[in-house]
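In what follows, a structure is listed as structure tokens, so that the remarks can point back to it.
Chain naming follows the written order as A, B, C, D, E, F, G, H, I, J, K and L, and within any one chain the residues start at number 1.
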Amino acid sequence: MVLNGPNLNLLGQRDKNVYGSDTLEDVKNLLSGHFPEIDFIFLQSNHEGDLIDAIQSARTDTIDALIANWGGFTHTSVAIHDALELLTIPKVEVHISNIHAREEFRERSVTGKAMDGIITGFGTYSYVLGVKAALQLLSKK
Amino acid sequence: MVLNGPNLNLLGQRDKNVYGSDTLEDVKNLLSGHFPEIDFIFLQSNHEGDLIDAIQSARTDTIDALIANWGGFTHTSVAIHDALELLTIPKVEVHISNIHAREEFRERSVTGKAMDGIITGFGTYSYVLGVKAALQLLSKK
Amino acid sequence: MVLNGPNLNLLGQRDKNVYGSDTLEDVKNLLSGHFPEIDFIFLQSNHEGDLIDAIQSARTDTIDALIANWGGFTHTSVAIHDALELLTIPKVEVHISNIHAREEFRERSVTGKAMDGIITGFGTYSYVLGVKAALQLLSKK
Amino acid sequence: MVLNGPNLNLLGQRDKNVYGSDTLEDVKNLLSGHFPEIDFIFLQSNHEGDLIDAIQSARTDTIDALIANWGGFTHTSVAIHDALELLTIPKVEVHISNIHAREEFRERSVTGKAMDGIITGFGTYSYVLGVKAALQLLSKK
Amino acid sequence: MVLNGPNLNLLGQRDKNVYGSDTLEDVKNLLSGHFPEIDFIFLQSNHEGDLIDAIQSARTDTIDALIANWGGFTHTSVAIHDALELLTIPKVEVHISNIHAREEFRERSVTGKAMDGIITGFGTYSYVLGVKAALQLLSKK
Amino acid sequence: MVLNGPNLNLLGQRDKNVYGSDTLEDVKNLLSGHFPEIDFIFLQSNHEGDLIDAIQSARTDTIDALIANWGGFTHTSVAIHDALELLTIPKVEVHISNIHAREEFRERSVTGKAMDGIITGFGTYSYVLGVKAALQLLSKK
Amino acid sequence: MVLNGPNLNLLGQRDKNVYGSDTLEDVKNLLSGHFPEIDFIFLQSNHEGDLIDAIQSARTDTIDALIANWGGFTHTSVAIHDALELLTIPKVEVHISNIHAREEFRERSVTGKAMDGIITGFGTYSYVLGVKAALQLLSKK
Amino acid sequence: MVLNGPNLNLLGQRDKNVYGSDTLEDVKNLLSGHFPEIDFIFLQSNHEGDLIDAIQSARTDTIDALIANWGGFTHTSVAIHDALELLTIPKVEVHISNIHAREEFRERSVTGKAMDGIITGFGTYSYVLGVKAALQLLSKK
Amino acid sequence: MVLNGPNLNLLGQRDKNVYGSDTLEDVKNLLSGHFPEIDFIFLQSNHEGDLIDAIQSARTDTIDALIANWGGFTHTSVAIHDALELLTIPKVEVHISNIHAREEFRERSVTGKAMDGIITGFGTYSYVLGVKAALQLLSKK
Amino acid sequence: MVLNGPNLNLLGQRDKNVYGSDTLEDVKNLLSGHFPEIDFIFLQSNHEGDLIDAIQSARTDTIDALIANWGGFTHTSVAIHDALELLTIPKVEVHISNIHAREEFRERSVTGKAMDGIITGFGTYSYVLGVKAALQLLSKK
Amino acid sequence: MVLNGPNLNLLGQRDKNVYGSDTLEDVKNLLSGHFPEIDFIFLQSNHEGDLIDAIQSARTDTIDALIANWGGFTHTSVAIHDALELLTIPKVEVHISNIHAREEFRERSVTGKAMDGIITGFGTYSYVLGVKAALQLLSKK
Amino acid sequence: MVLNGPNLNLLGQRDKNVYGSDTLEDVKNLLSGHFPEIDFIFLQSNHEGDLIDAIQSARTDTIDALIANWGGFTHTSVAIHDALELLTIPKVEVHISNIHAREEFRERSVTGKAMDGIITGFGTYSYVLGVKAALQLLSKK
């Protein structure tokens, strides 16, 4: 399952120096190209509640791992953090830009405290690395 | 080039819940196993100055990319940060544990502001992901 | 009306040392058992907006009092706080765990500033005490 | 397009010393009265996600300018801020009360950093001034 | 045992909007009325040391539970906090006014970190709820 | 009365991306053009004391309203704030640039706490909006 | 009534550059000399609780006014502050040294928020001024 | 010499609950009435520079002591503080209201660090006490 | 003289991982065993005032040195600090646990600023080291 | 042009350990002695507004460079900072004492952010170095 | 093993009021004199890396305990802290001066969080107490 | 002696807008050109310990003065600060860029507190001014 937070549906249209020109559709194709054997569930929402619902659904569905880019909710959402604590499958947070090299308020990740690890700064390739990381976490179980 | 900061020479002996039982030698073998075609230069030092010297040497040598785990210097060293700003090859920071899920003072990365990206929380596999990320950055040049 | 914030639908599955093993269904039954004469409206949502809608509906409906556990929104939501200021029926905030004995960011209650009072730390029995408190507030009107 | 954040549907019922007695319906009529030649799209939602959706829709629709009162989200929503950065039509933030003269946490406007300007403190007439400001910004294009 | 901190002997004479007009004697009668079967030990002191002595005596005496309103010591006393950590019977902190809705320095409860739970904001009825909470905690042992 | 704080006499010569190329003389003409029926008293001073004197004179003169751009004093002057509290005619603060979108220390308005409202970010047109706002405030008296 | 907080019984023996060489007995004589018609009740205690008891006794006794030097409790005691709020006779806080010219933590007066006024920095003569101030406050009643 | 800072020329017209109804002229008469033998030099200015000039003039003139109410400059002016450090005659700061019982930013006195002592909270009688304090300081020389 | 602050009378019963199982009686015997030639005065109190009284008594009695464990007062008591400043015999602060390795608020020692030195972290043996340190300080006089 | 802020007219009379015994007249002569070929315009004022006026005049006059010691305004004046941003000739800030080695509030230079460089700590010789620095800056143009 | 941080090689030459006149050689002799049966390894370095190397060597060598004075690294070095966490022999931190009675930034000990205990303020005798403490810790193993 | 901290060996290759294009070799020649009569000892190191060693060597060698640019250690090194306190020859800190006009963390100089003065912002010419300042300080001895 790949979850995307607010405004990521407009990926490719935001400041291109920071985010590149790939769209979210391109990200899907990038992942399918790299991992043809994996069946991705791809969700994007601007609603914090939808993302929490999706995290919760991952508990009961046949989801093996979670890759997520929480967008603007990364730095503020205690509720997403709490939902993640309830989820025991591998959880990898990815960011397109390097959150440590931007505004100070983007350096702290509230959601990341409840993830297994974070990959930040490698453009849309962060998603590919995120899936590789999840596979590794799954193989260790 | 793979740089390792203070106390990483004792990897495998520190709190095993947090860092796992792999030694730094294991990390070397892990990388050589995954990337047999790459010629790694592997350095570890407890001296901040040695690490800065190494970063500077990467400017004039035949180094293609930098993978680094700055250890305890991650959160405090302005001097390493300044050295990194002078280096234009791909630079990937890796951490074995998830720095966002530990003590508050480990959440901020001073050095990471001058890296291309950061990978944190996937055990020694963070190094493997770091090399993959660097290869991707090199391919985009 | 009993409102429950994000992740409370999974009550009983979260860290059992902190939250106990009762589910939200158990809470409903607990309340019905203690107060058979009261007709409870029981709502849970992961959406901040749904909770605000529900608070607003309590203004015009035949609701006598509000018992609420805002979950992760307790510490951040100015919007819920503002909605509560508009509501003049008795308002009691309840928490299963003692928010003063956990992480520092859970000690402050933004929503609680607009409630009549707060009951925190008595497991699911906090809800029972909350209803008793609301009854007392109603009796004083 | 005129967007209104949480609890503004109850305008006229909140603390009348601070907000006056005009309802949101009155605001609509006020604007139509002042600007009969303009076709207003008027939206109110208690859901952060709905507001982000609306901001995004303004990018592709035939919307000339955005007037918005983000209510309680003004001071906290990074996600709305990010959505606004993607919108290039004139954007004017309005507040009924003077946010600088109230609680300290209302003085900072997270959303306002991504707006063209802010008008705060003139009751519902702030909306009228907001439209005038937007017209001026449009005339300069 | 019901402990009361500084100035609570003057209850009923302090700002009546905040604290109501009940005296501490009224609180005693209120409790005896609600719980005729319980033998209350009722103490009030303006001396931090007396309160610590009383907490310590509860360890060796035939005390079943502690209900306490620490008054002005709630927000500052590390020594009371430390004494409470040594006490393993049910401990319930009560406040007449809602400490989250007053001055900022009253929002934090140093003592509350070492109590089982806190009930705040229901006037003198907070004491009644406190006893109920203690009975529930006792029943779970 | 239109008051202008330090360095506004050089308007049109400061960073033109931020402030535009209009001079203070242009602002005067802009206002006279929009409001030919109003008799403006236009003052600019680099002296905090002169501005306080002017505010005080507005109490006894035949001044109907105050439009003011306090420049660098906006963020620091308690003395201007105190003078404004003594003035009961409509008071509108205007800023040419959006103070919420610049350096962090420009986001807070000390003077604005004692004004009726603030208009910020619409270039010299902020003055025109300021006069409109003042007229509206006068009409409500 | 003249109350003196901790360590003031040793006045005259503490750092003489800061406090002078007068003893508390000298202060008594100084006051009696200046105001032979007044019957002073003079109390000193190192116990916070004793001081609170004394403040409370002033409510029911034939005390006209309170002069107090809270010593080290000035900067920390919420309990004394709360006791003072219950006392409606004139209350004057005095300090021998200028608390604004010493360590930063001595600049803030918690107790002083509940006093009518404060006199600080005039040696033991601060007590004389304190009585004069109290007499003036009494005369205005 | 009696110096008065910004807005004190309007004394008696500002919030009467806080400042009373005496004017600055009344203060002059009050002082002349209490101390007919003293020749007061009475100055008020809204200009920080004028006040510094006056402080400096006190160094060379036949001034025996300084009584000053710095108004809004009390909390911010390093320059007045520095001027006062150069002045060795008795220096007494007075405030009409109790600065410790108002807004938090009024509690700190920058100027007071360079005064002999401070008298705050006794209405215009603070000036009378200030003169008495200065006389006492003079008598000790 | 050996002073012990609040809750140290319960030593041996508090969290044994942190404090060990020795009681205060054991500490007395430990000291008598190590230093049979010394006549110890041993005091414990939960009352801040009693401790201040004891410190003051050490000034006039035949006390050679002070060993003290201020317990929870270590981090908050300005009054004890002030009392210690008046005492010129050797003063050694001891702690059973390492205060630098516990909660952040236990790291700062207000009282320790007025002691000669501090010994922290060696269990009840800290007292023995404290006496040795005091003897050394005495020998240097 | 050499500008001097508040209290520098009393140079030589302030704390001689910090500032030395040279007067401002001595500084003038020192500069004339070192640079006989330069025609200095020498200004001192205690008025922030006068200094801003002078900075502005340097824009239109035949001034080649600005040497300035802003005195107490260094650490607080946003208005001087803004005036300096408008001035494009070489601007050198000088301080007689080392501002980094004094009170913490003197370490930060608000004005210095808009100067080319700062020279601090060399007594009145700082002015000589300041002129040399300005000459160097002029030679590079 | 006795480790000494930066500038301790110059002991005896630094501010003698704070550090005394003993040199590091004197410390060695002091320890040999007190503990002739112990074979001390004595190291001093100005290099953080050398100290970390030495800590690490203590893990594999025949070292029984560590006594260390980290000098200026006490307050900043996360890397030394991390090295100490890996060392399980008794670790005692010593300071010649009382770090709690000096500059505020010297009060916090980063390294001390990973030591068994700290002895601070007894001149070079702190080293002697440190060895005694280490012997005690060894005896408990 | 001229000391240079980390990364200054790469001078001329770092961001040329900030640092110019001169290399450290150019700085040497610049100084030799300006001061042919002076015999400079020129050192650069990336090792904090080397710099401390060099400072200490200046105490016993035939060094007359110290000019130093501590680079990234300026803002963090307590150990260099302590070494400097032990050195009594003239000590001048220089910076190529204006540290007050860059990132906030570069504004504070830890090392500068122990220097005689600081010269910042004049490119490599800061070194020339530094030598002139040192000569002046020497001439005053």
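Operating definition for what follows: a residue touches a chain if its C-beta (ideal position, glycine included) is under 8 Å from a C-beta of that chain, and two chains touch if they have at least 3 such contacts.
As the structure is a computational prediction, the values presented were derived from the model and not from experiment.
Asks: Moving step by step between touching chains, how few steps can get you from chain E to chain F?
Replies: Shortest path length, in steps: 3.
Asks: Applying the touch definition from the top, give me the chains sitting in contact with each of chain I and chain L.
Replies: K
Asks: For the pairs B-L and A-B, output the one whose chains share more C-beta pairs in contact.
Replies: A-B
Asks: Counting shared numbers against all numbers at the contact of chain C and chain D, is it over half, same, or under half, different?
Replies: Under half shared, hence different.
Asks: Sharing over half of the contact pairs with E-I by residue number is what counts; pick that pair out of A-B, C-D or D-F.
Replies: Going through A-B, C-D or D-F one by one, only C-D repeats the E-I interface.
Asks: What is the distance in Å between the mean C-alpha positions of chain D and chain G?
Replies: Once rounded, the distance between the two centres reads 54 Å.
Asks: Calculate how many whole Å lie between the centre of chain J and the centre of chain K, each centre taken as the average of the chain's C-alpha atoms.
Replies: It comes to 47 Å between the two C-alpha centres.
Asks: In whole angstrom, what separates the CA-based centres of chain D and chain I?
Replies: Spacing between the chain centres: roughly 62 Å.
Asks: Where in chain H do residues touch two or more other chains at once?
Replies: Touching at least two other chains: 47-50, 76.
Asks: Which of the chains touch, listed as pairs?
Replies: Here the touching chain pairs work out to A-B, A-C, A-D, B-K, B-L, C-D, C-E, D-F, E-G, E-I, F-H, F-J, G-H, G-I, H-J, I-K, J-L, K-L.
Asks: Going by the contact rule set out above, which residues of chain H touch chain G in the complex?
Replies: Contact set of chain H toward chain G: 98, 100-101, 107-109, 112-123, 125-126, 128-129, 132-133, 136-137.
Asks: Using the touch definition up top, name the residues of chain G that touch chain E in the complex.
Replies: Contacts found on chain G: 47-50, 52-53, 56, 59, 76-83, 85-86.
Asks: For chain B, which residues count as touching chain K in their complex?
Replies: These residues of chain B touch chain K: 5-7, 9-10, 13-15, 45-50, 71-73, 75-76, 105.
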